[in-house]
Every structure is written in C-alpha cells, then in structure tokens.
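Submitted below is the structure of interest, expressed as structure tokens.
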Amino acid sequence: MDFENVDPIIHAALREDMPNGDITSESIISAKSQSEAIFLSREDGILAGIEVARRVFELIDSRIAFEKHLKDGKLFQKGTTLAKVQGPTVSILKGERTALNFLQRLSGIATTTRKYVDALAGTKTKILDTRKTTPGLRVLEKYAVRMGGGQNHRLNLSEMVLIKDNHLLHLKSIKEAVLKAREKVRPGIKIEVEVTNLAEAQEAVQAGVDMIMLDNMSLERMKEVVDWLRRKIPVEVSGAVGLEDIVSIASLGVDFISVGSLTHSYRSVDIALEFMSE
Amino acid sequence: MDFENVDPIIHAALREDMPNGDITSESIISAKSQSEAIFLSREDGILAGIEVARRVFELIDSRIAFEKHLKDGKLFQKGTTLAKVQGPTVSILKGERTALNFLQRLSGIATTTRKYVDALAGTKTKILDTRKTTPGLRVLEKYAVRMGGGQNHRLNLSEMVLIKDNHLLHLKSIKEAVLKAREKVRPGIKIEVEVTNLAEAQEAVQAGVDMIMLDNMSLERMKEVVDWLRRKIPVEVSGAVGLEDIVSIASLGVDFISVGSLTHSYRSVDIALEFMSE
Amino acid sequence: MDFENVDPIIHAALREDMPNGDITSESIISAKSQSEAIFLSREDGILAGIEVARRVFELIDSRIAFEKHLKDGKLFQKGTTLAKVQGPTVSILKGERTALNFLQRLSGIATTTRKYVDALAGTKTKILDTRKTTPGLRVLEKYAVRMGGGQNHRLNLSEMVLIKDNHLLHLKSIKEAVLKAREKVRPGIKIEVEVTNLAEAQEAVQAGVDMIMLDNMSLERMKEVVDWLRRKIPVEVSGAVGLEDIVSIASLGVDFISVGSLTHSYRSVDIALEFMSE
Amino acid sequence: MDFENVDPIIHAALREDMPNGDITSESIISAKSQSEAIFLSREDGILAGIEVARRVFELIDSRIAFEKHLKDGKLFQKGTTLAKVQGPTVSILKGERTALNFLQRLSGIATTTRKYVDALAGTKTKILDTRKTTPGLRVLEKYAVRMGGGQNHRLNLSEMVLIKDNHLLHLKSIKEAVLKAREKVRPGIKIEVEVTNLAEAQEAVQAGVDMIMLDNMSLERMKEVVDWLRRKIPVEVSGAVGLEDIVSIASLGVDFISVGSLTHSYRSVDIALEFMSE
Amino acid sequence: MDFENVDPIIHAALREDMPNGDITSESIISAKSQSEAIFLSREDGILAGIEVARRVFELIDSRIAFEKHLKDGKLFQKGTTLAKVQGPTVSILKGERTALNFLQRLSGIATTTRKYVDALAGTKTKILDTRKTTPGLRVLEKYAVRMGGGQNHRLNLSEMVLIKDNHLLHLKSIKEAVLKAREKVRPGIKIEVEVTNLAEAQEAVQAGVDMIMLDNMSLERMKEVVDWLRRKIPVEVSGAVGLEDIVSIASLGVDFISVGSLTHSYRSVDIALEFMSE
Amino acid sequence: MDFENVDPIIHAALREDMPNGDITSESIISAKSQSEAIFLSREDGILAGIEVARRVFELIDSRIAFEKHLKDGKLFQKGTTLAKVQGPTVSILKGERTALNFLQRLSGIATTTRKYVDALAGTKTKILDTRKTTPGLRVLEKYAVRMGGGQNHRLNLSEMVLIKDNHLLHLKSIKEAVLKAREKVRPGIKIEVEVTNLAEAQEAVQAGVDMIMLDNMSLERMKEVVDWLRRKIPVEVSGAVGLEDIVSIASLGVDFISVGSLTHSYRSVDIALEFMSE
C-alpha cells in the first residue's frame, strides 16, 4: 500500500462525507469522551483494506490508536475482531462510515477473487483482473484482487499494448497491427493481441507478440489454439466467464483467465464497528 | 448533473487509465481515422450516467460528437442503442472503457433501485439510499438512485442530525441527545433519531425530533410504533431489508425504507461500445 | 475549529504575502536570532481566531511555541496579553501580519456580534448571521459569529431551502413553491419562506413550512404575524436592522433576528504584536 | 483584472456557497425559466468589481449574458443600474449572493478610498494601502483601492524591503540594517525604512534608502523631517490616520499617506439584484 | 503532444514568471496595441516544442494567432522563421520568455539527439534516452528526444523492470533477481538486467529476461557478449558514451545505445522573438 | 531553501518517476533490507541542492537518515563524499535518480557560475543571472546561482520594471516609457532600461531610471556610457558574453554582467550514489 497515492482518495471521501463536520457527533458527544470500538465481521471473507481503514482514522485524528488483529489477504470467519480503535469518541464516529465503505468493498473484491482462485487450485492457471474498475479506485481494487490471490492485468492504457477487436476493425491485418505497434512503442513494452481462432493466433505469434488473448471462444476452439500455442508465449482467456466455466478452461492449460466481474460487480462484505461498553 | 462537480472525478478516472496516453491506439491507428460507434445494451435496465459518458468524451476530445438516444431514468431493453459517438477513432477508443465504467455502474444502481421502487408501487412508501456509497462517487451514486425512482437520504454528516445507537451509547437518554443537538445546531437543521421500540419512539417525539428511524425491528414492533407515530412525523425503516421484506413493511404505512445494498453491492449492467462497420 | 478546512485558507494567505519569502527579515536578521513577542489588545473586544493565529505560526515554522492566554469567545480589555509566541525571530516576523489579519477581523466580527447579543439579554430572541460573508472565509466568519454569542443561519445554498422574494416572482403562489420544494428535496431538509404580511404567513404555514422569515416589515405587521404564528414554528426577522431596532423587534417574541452587517461590514479590532526587549 | 488569478477565488466562493447545488432554486424553479435582472445601487458609491461579478455568472453558466452599464472606478448615485444579467433564472439565482458579496465589498473599499483621495485634491500627496488586507483577497482589495484613486504599497513581503520597528529591535542601528539589506537583496529591489525622528531619517538617507516612512509622529516632528528630506527621496506617513488628519499631513508636502483602514475595516456598499417583471 | 499533460507545466511556468502580471508591459504599452512577431532561429538546429510555444500564447490570451512555419522534428538553418504570432502586444510580450524557455531547451535536446542519430546512420542501432531528465519536464524532454530521431527508454520506475548493479548488491544472483521479479510483477511487464560480462549475460538469458544492458564494458567484452547474445533478445549499451564512441559500439551490432547527456546536459538553441516593424 | 515552495516540485518529480511505485525494487528487494549509501563526486565542482536531495528522501520515507558532509556553496574535489543516506534499501533506491537529477543539475549551475565569479575576482563587478531558467525550476536555479557566488536579477515580470528593445518599439521615446512606468507602478518598484548608446543612456537617466542595461554594445561604446554614467546609478551589461569577454567588460567598471547561459545551457556535475558493502 503506497499511502502517498491513497491519501488523496481518503481525503476526497472524508470531504464528501464531512464538508462541514459531523454535526451530530459534535453537538451531542463531549469532546473529552474516549471510546474503544472493534471492527467485527458479520460473515466469512478475505480481508483487504485494513491499512486504508487505519489511515482514515489517522487522517481524522492522530490521537486515535488503531490496532490491527488480522493482515490483508487473510481469511476470517463471521464474528472475528479484525481491528480495534481507541481514542476520542467523536473522531471515531466521524471515521466509522468512511472506513467501513473502503473495508467492506475491498474485502468484497478479495473474497470473490479468492473463490475463483480456489476453484483453480491444483492448476497452473492464474486469475487476472481487468480495467473494469470503479473510477478513481483502480489502485485499491487491483490491490484487493492481489489480496484475494489474483494477479493484476495491465494497470492502464499507458503500460502495455493490448490490441483488441475494436482496434483491428481499423487495420488490414493482425500482422500490420503488431508490426506498427512494435515500431512505435518503447522497447520495454509488451504487446498482446486478442484473437478469435487458430489462424489469427498463428498470425499474431509470427508477428512477434508477447502474449495472446482468446476472446469468447468455445472450449474446442480454445483447445486448438492452446495446443498449438503452448510453450511459446503466455495465453489468456477473457470474456464473460463464471466460476463454473473456469475449471474446464484451466484444464486446457491456459496461463491466465481474466474476470471482469471481480471489480465491475461485487458484494460488500458485512463488517461492523461495535463500541465496547464502558 | 452538475458538471463542475463531476469533472474532477472524470479527470481522475482518465488520469488513472492514461497516465501517459493510450499506447495501443496511438501507435497503430491513424490520427486521421474517423469512426462511429454506438452504446448498445446487452440486457434490460434503467439508464443512468449518459451525460457522464458524454462528458468523458468531451473532456478527451472536443471533436467527438455524442448523440444521446435515451434519457437517464428511462427503461431500456436488451439491444437498445443508448447513444452514438462519432469522431476521431483514437479518441473514441481512449474514452471507451472509462465511459463504460461509469455508465454500467450507475445504470446498475438505477436498475436495482427501480426494482425496489416497483415493488412498492401503489403504496406511499418511498425508497431511500444511505451513506454506504463508493468513496469519491457519492454524488453520482445518489444521482443514480434518483434515476431509479428512489429518494436520497442525507448527503453527508454535515447536513442533518441523525442520532444512532453508536451515539446513544455515550448519552444518558434519547431526550438528552435530542435537546443537546437542538441547542447546538443551526435552526435550519432537522433531527432524526434511531429507536428500537415504542418507548424510545415516544421519548424521541416528546423531545421534538423531526423524523424517526426504526432499526432492525420485528414487523410487530414496527407496527406498534408506526400506529402510534403516524400523522405526527415521518418514519423511516432501516436495517438489512431485501426486496421480499419491503412490501410487508410498506403495508404498515411507513414513509421511507432505506436500503444500503442499493449502493454498497451492485451489478454493472452489461452495455457495450460497438463500432459501425465503415 | 477544523484545521483541515482552515489550512488551505492559511496557506493561500501566506503564499499571497510571501510568494518568494520575506526579503526584509531574511536579509537583515540572523537566522539564529530568537525572540519572544505578545499579542496585545489595544482596545476592548471579544476574542475570535486565536487558534488560527497559532496555526499560522505552526505552518510557518514548527519551532515556534505559541501560548494562548485567552480562549475564543472571551471578553478582553485594552492592554490584555492574548497570547505569547516564542521562537526564531525571522519566522515570527513572517507570520506577524497574516496572524493579525485573521485575528483582528474575526475578533471584530465577534465583538460586533456580542453587542447585538447583549442588547437582547433577557429576551429569548437569538441573533443569526447571513450568507453575506467574505468570499473564501465563510467558515471562519460564521465561527466568529458563534464566538460572539450569535447563532449561524444556513451555511450555504445546499443545506436548507429558503424561498425568498426573488424566487416567488417566478411562481404562482407560496403554496406552490413550498409543495414543489417538499416534493423534490431530501426528507432531511427544512424549508423556510420569506413573507411580507399575515396572509402570506398563513399560506406558508398551511403549506407546511418549517420556519418563516419576515422581511422588511413594520413593527405592527410583524406583531400581527408573530401573534398568529407563535407556538407553531420558529419565526425570523430579517432586513436592514441596526442595534437600535432589535430590542423592540425582540419584544414581539420572535425567535431569531438575522443581521447581515455582522459580516458584510466590520471594523478590525486593534491588536498588535509586540516584541519583548531582550 | 487578471482572471487567471481571480478564477480560483471565485471557484472557492461558489464551492463554499453551493457544495451540492442550490436546492431551493433547483427544486422550485423550472430549468427552462429565463429572466432579466439588474444590479441596482441603493446608495452612492464608487464601483469596483463589476468584472468579478460578470465572471461569477460566466463560471456558473455560460448562457448568461452580462451587460455592464458602468466601469470600475466610476462614481454612481443611489438608484443607478450598474449592470444587467439575462439568462436561465436558476443560474442567475445561484450567482446572486456570491456576485454581490464581491461587488459590495470591493465597491465599499473603492468608495472609502475615494473619500481620502478627494480630501487630498489639490495636493501632490497620494493615498497608499497596506498589507492589512483580507486573507485570500489581497489582489482584489488592492485593485479596489486603485479604482478608488489610491495607489498600492508593496504587494507582499517578497517585493520590497521595508524595515520596521520590529526589525530594528534586533539590530544595532538603522545604518547596519540598510547596509545588510542592500548587500543581500537583488539589485532591483527598493529599500524603505520606518523612522521616528529627524536623526533616524538622516541616518537612513545616508545609508542609501530609497524611501522613508514616518510612523506615528507629531505634525511638528514630521515637518522637521520632511523639510530636511524633501527633494531627496519619497516620504510616506503611516499610522492610525483618519480623514480629518490627512489634510494637515499632506500640507507638509509628504509624498504618500498609507491608510490601513481602507482594507482592514470597511462597509459594504448597498447594491441589490432586482428581477425585472416579466 | 498531449496538452492535458502539458498545461499544468505551462501554467506553473507562467505563474512563476508572472505572479502578479508583467508590470513593465502593462504599465507602458497600450492594451489596444497590436503586433506581429516571428520566432527566428539564430543558429541551425532541429525543432522541438513549437506546439508548446503555441500553447503558452493560447493560455495567456486566446486572441493571439499563432502560425507555425515548421513542424517539430524538422531541421532548420540559421535565419529561419519558425512561427509567427499576431495579437495584443502586451500579451505577446508576456509569453515571449516562457515560450522561448521551452522552445530553446527542447530544440536543444532534439538537436543533440539528431547528432547521435546521424552518427549511426546506416546501422540498425538506435539511440535511447534515460531517466536523467529535468524534474517536472520528463514528458517534454522525452518527446524532444523522439523529435531528434531517438527512441525512449522506460518512462518511469513503474513501467518496466530494470535490475541494475545497485539492486544486485542486495541479492544472491542475477537468476534469483530475475525469478523474483517475474513472480511478482504483472505479466505484461518486461524485465531487463544490467550485466558486466558474458557469464552474467548468460545467467540473465537463462533466467528469462526480455532485454539486456551492458554497462561500462570495454569494446572487446561487449563484442563477446553481443556475439553470443545476438538473435536472442535485444541488447542495450549504456554508460558514459560520447559521439566518438558510439559508431564503434554500433558496429558490434547492438540494438540500442542509451545516452544520459541527451537530457542531463544540454545547450539551448538560440531562437529569438522579433517584432515586425509596424 | 524554503521547503514549502520546493515540496510541490519534488512531489511532481516523484510522481513522474513513480506513478505506481518502483516495480523493480519492490519486487526483488526485501522490505526489511537496510542499507547505507554515499553521494560521491566523480569530478570537481561547487555543491548546490544538497537540502533538496535530503528532502527527496524525507518525502519518500521518513525512516531514512540523511547526513550532509558538505554545505551548499562549497567547493568539492573528485572523490568527495557529499552526504550519506541510511535506511530501508527499497526507499533509498526509489529516491536515487530523483535526488541525483536535482543535485547534478543544481551543482552544474553553481559550478559554472563560480567560473564566471572567479574570473572577476579583484573587480567590483558582479555576475547576475537572467529569466532564461528551466520552466518550473526558477527558484531552485536562481538559488544555485547564488551558491556559485552570483547574484540574482529580478525573479519575475511582477517584481521590477525592465524596459527592453521589444518594448521601446511601441513607444515614442525612452523618456515616455520611463515616465509612463513611474506613473503607473507601485512606488516601491525599481525601473531599469536597456540602452544601446550614450544618448539613450542620458535620456534614461534624465527620465529618472534606477538602473541601466547596456545590450550588445562594443567595448568602446560601453566605455563611453560607463564613463558618463558611473557614480549616478548602477549599470548592467547583458548580451551573449562568454568567460573570455567578461574581464575586459568588468575593467570598464560596470556593476553587473548578466549571463543567460548560467541557466539556459549547462552540464550536470557527475555525482553518483554508491552503496556500501554490507
């Protein structure tokens, strides 16, 4: 977690929730009141974002002590104390919702990712995320995917060349696309191409791509390509794939399966902040 | 949609996706290539965020023409053209993912909200959202709730007093809490209290609250309170409520049901950008 | 005082006064020179902004010790030591003018507010401020009003509905305006209407407003309305009211008198920074 | 008026007044409603800030037409139309208060400045402002002083050396202070010293200062110094000077009188926005 | 040139040069004065930054017309008109120095780069830049390198793995370093290692690196490595290399030579802005 | 060094080099690894920017200890340890390039400046810089000039009036230009004029300028002007002057020679970061 990058996101969240303070807590709770409260899981899951939660409280009030009971990436069961905060009651109440908004979402992503990763246990296939992340939260959501055991696909459009169908529409051939890219981009950049059948895969490999993506193919077609491709360069399978499909795809020996729903649709994990009785 | 507020969010999303440009499109597609593409729904839903999508393209390249075919809040069926973009191919490709990331999420929230709203058709009960929104996107997500037919609860902690269980733990009584709040806050601010039974509701009303929230009560207890409360001040029901529960709750005559899952867990609606063949 | 909100204002003030340092102090005073200086009042007043003054010095040089002798909201007489600063001479000189610019203005507002509040001693009527504040300093000026014993009217246009004459020009009736507002705004928002006679007041109350404002009425008209209104909802009197008028208005039993001149026109209180002889 | 500098100030003012829109105007006035309104003076004054008012509306809604009837620096009488705005009613209402907050304050400063300037008509003495400006608004307030016919003293601590009593406390002599400054600062920088009697003035001039400030002296002492000084370098009189004193000071032949109250204490000029009946 | 990225750099440059306007031009030249001026080369060179110069004027005053006579990347001789500006004299004078500061530096980099590129004419070896760029101007300086015919090495530390001597000090072997990197980084990332002899090069290739860097080797050692390496992966030569050395290095058949001095030390090309007589 | 001003420049440099971390160091070096490294000069020079280097590491990781062995402005010889850093290896590696990019450039400017200053030893003539600085780095580059023993000319266009040939083209006479400037600008501002012969110099002095600049004159012409001018006001010589010319110019008795190449063209001094063996 690189907090220089995350601070602006947390500040934005706090400003959005408290443009002019928390008028409830500030008006009815004494500034001197001290409390202790715990983050308690109300269902099973994989933890992600505990340091973001800590940072939320640090940015609100440096007098709050935050004690982490579990590390990101760990499995927890319903009823687990994930962390403890101690300090001025008003400050804890100000951070409660924002800390939970981060923690519940990121743990939700990690928890879902883990299900995909577990389904592939025993295979060499890895789960990748996509660029279908929430605007403004990509760094955090991709971090949550890693905490769930997944790997990250490219961070952004500046980091890797990925030639997709919407690009190929405007070019004569895969070969032309790949050669143009190779000529123009920095030598340190990898090139991946999306293909839909064996002929295209062969054209791409001959043009010198570093990685290949199979998009929305049938298992048979995939097998054909993978059998020919394997050993040469890594192969990724993409497209609307559910938990049920990925085991059979993995059995073909693909290197990566990318899953958009890890980040484009997710359930928050139910975590609560409970105050200790005094 | 207030674009002064939304522009920084879009800029952040674009910077996050293109810190140094789109090396794929820029290296293989001619800067002179022009295209036309449509936003096409791949499932049914309620539209939200079409103006955000438009703004994404405007901020990338003012030469892109964006023609809206449907307005936010409208129902669409699978296969509907929601909008058309026309302009430099490279610029359209740069905005594709970011525009979809907004449009799919916001439409997802609107679509889910509409299901709750439809379930209450014929009653006077209204669906409210909560502060369980994605950090940084609250304004947009609350907008999507309105597009789905819901109403917004308070925007933030500075706008309304809402005294919850975590506050009451630190005070002697509901009465003390309400009186303190009334004395301290600006006269234009409303006060709501969360209660768990009839006695508390009565104490709150006598202390002069403007609105009351019933948290995690049984239907019987709710009925008791609502029967006594009705006609005096608005009553809101909160707590983990699914689609199945809300009809029976509404039948008690409550004014509002607030639903956290509208924004804390959601499915993106499947919308694609399809290029027209030339 | 919420310093996350105030820091950007102080930084802007310091940048404006020292875009490239304090060339006088830096060129003629040794970087090793240490001093002690006091904030000394040169006339009577009510203190406001002492923590802002402290923060000015903290942001310039963390080695400066700032010792507060009086708290905001307290009355001081001419010749009172309000605070003491100790530290590098150059840094104290850099902050002198900016600290005084805040302290003199905010204390000026608090001092004037106190005169209005004192004039109403023994009545139940409270002094409110308005939105006629200095651009960029609203949060601080409204804070100063509270330190003078006043209460704050709405912070901004997003927090409360206040329907004024310039709105009513565009609507058929007060009733239409109030009903439209109630239908559109969040349930946690209060609605106030400006009225000019008893009939309008009655129309507003029947439409369900939460508060009423009497604008530029004669005492007789006000009395008529207040007599009818009292007990139902709070009533505010606005318009160009001087110290001399407010006692007779308060005697009518109104809840609030709002006074624009608290913040739109004010005298700085004369406070100086005096260095102790070494 | 340099609008790149002023835009951030206006944006801050608008954000402060509308963090989430104008819920009154937006909920009760049709987005299609068009209006015409005039800025009308309710007392005599000197105009300053009319272009800031124009810019407020431009930044809110580019569809608003703003027609200026008078230029900054011009005298107006009660009842004068200063400008006309035309456009969407909701947008005009959103900008009303912010535009007036700038225009009333800046015109207040210009109006007071003009009184001082007029008092000195026929003399060669000029009115200067000070650094006692409102934090964040220095550029605008100094502009208003110019519109009132005054001249600006140094903009900030980086632009000119001004050695005052609080500096001299830490040095052996005026001579030492001036020589140190001359040695350290850029050759393009002027040096001014504050003196309290003839001997100090002579020491300063011999040390080579470019300008001299007489602080809180009696008329006799001033005369002594001015008589000796005149013809050599410009002389400025500072200290708490009211309108009544400045004529006798000017008659001594000083070049400048600086007046802190131009900006540290001021009355807003009463200007209103009046909607035209339709 | 991506102007969204460049605007903040230009704004910073203009703020730094005109915190409070251009007091010379504004005080002596009429706001109505119009002029025409040309950018004239006073020595030969390669153009880079002409669009940055255009943007400087656009951001100062949209009424300035800027007509480009030559495109970036083109060779010009002494006495060539590179561009013409036409518009308000004051605005042209405000932008003169800032436009030249960009244009002279970037053309300086392009001109030097071209010398290296020309020296390698007829070979397949390409000139690369490094991360030794001016803080804040990397995007522009790397653009200038491309305009001079060079290629860009990695933009930053986030884009590519480059294992150098300072890394290897902390690891057991090149092999360990490469395997660790491959395991941890995203699959779209390339890995390069710096080696100092043939054995290290062989270890690196066996560990699966994508590119190899020869640092400060003698020609003989380089030849040994290149002979063994060629045909497998690209090879880069780095270290303090002058124009005289690169031809012999290129003759070995290396793919890239990276040259730090392209950006860490450079001469501005002499370009002037000349006003046309009226 | 004023770090409030410098921090944004360092942050920009770090963001530019690490938009998403240092993927090499983070993936292969243990987060627990600690190191010690020294900044070692590889050639002679004058130090400038050592506190900027310190600040780079402070902003990356507060656990890094930075021990300065030499102060800015000091001469060092090849092989000198300039500073030592100690702390987490990964954090040191992250800051290495950015710290060097600042340190090498600023020391390069100081080193060149010192050559000019040394050439003038024994004369009273001082070396001045110009506004030909790298966009965004003016404050730092002008600081480096001072460390090399030079003096700074005006910081920016807002601080001093300097009337040059491109201004005079638009005016009737030097006299008109000077009088206009004197009338319009603040009294604390100095005025300098660029002249090309004795007659112009005389006109300027009679109009009351504070300083005069001789641009591109022959030694004979300069002598004529200097002989007449001396004793009245300071005189500066500008234009393309190399080390060889300045001694003869200084011998004429001019006060300042301004040299653009100090900042528009420079060599980085070779400084390296070397890790200590463990």
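Details
For clarity, chains are labelled A, B, C, D, E and F in written order, and residue numbers in each chain start from 1.
One rule holds in what follows: a residue touches a chain if its C-beta (ideal position, glycine included) is under 8 Å from a C-beta of that chain, and two chains touch if they have at least 3 such contacts.
In this text, all values refer to a predicted model and were calculated from it rather than measured experimentally.
Counting C-beta pairs in contact, the pair that comes out ahead of the other among E-F and B-C is E-F. Residues touching across the chain C and chain D pair largely coincide in numbering: over half of the numbers involved belong to both copies. The distance from the centre of chain D to the centre of chain E, each centre being the mean of the chain's C-alpha atoms, comes to 46 Å. Distance between chain centres (mean CA atoms), chain D to chain F: 35 Å.
Between the Cα centres of chain A and chain B there is a gap of 22 Å. Of all residues in chain A, those that touch two or more other chains are 19-21, 139, 155, 158-160, 162, 189.
Contacts from chain B toward chain A in the complex involve residues 9-10, 12-13, 16-30, 33, 35, 89, 93-94, 96-98, 100-102, 104-105, 108, 131-139, 156-163, 166-167, 169-171, 177, 180-181, 183-185, 189, 264-268, 273, 275, 277-278. By the touch rule above, chain E contacts chain A in their complex via residues 128, 151-155, 158-160, 162, 186-190, 192, 210-211, 234, 236, 255-256.
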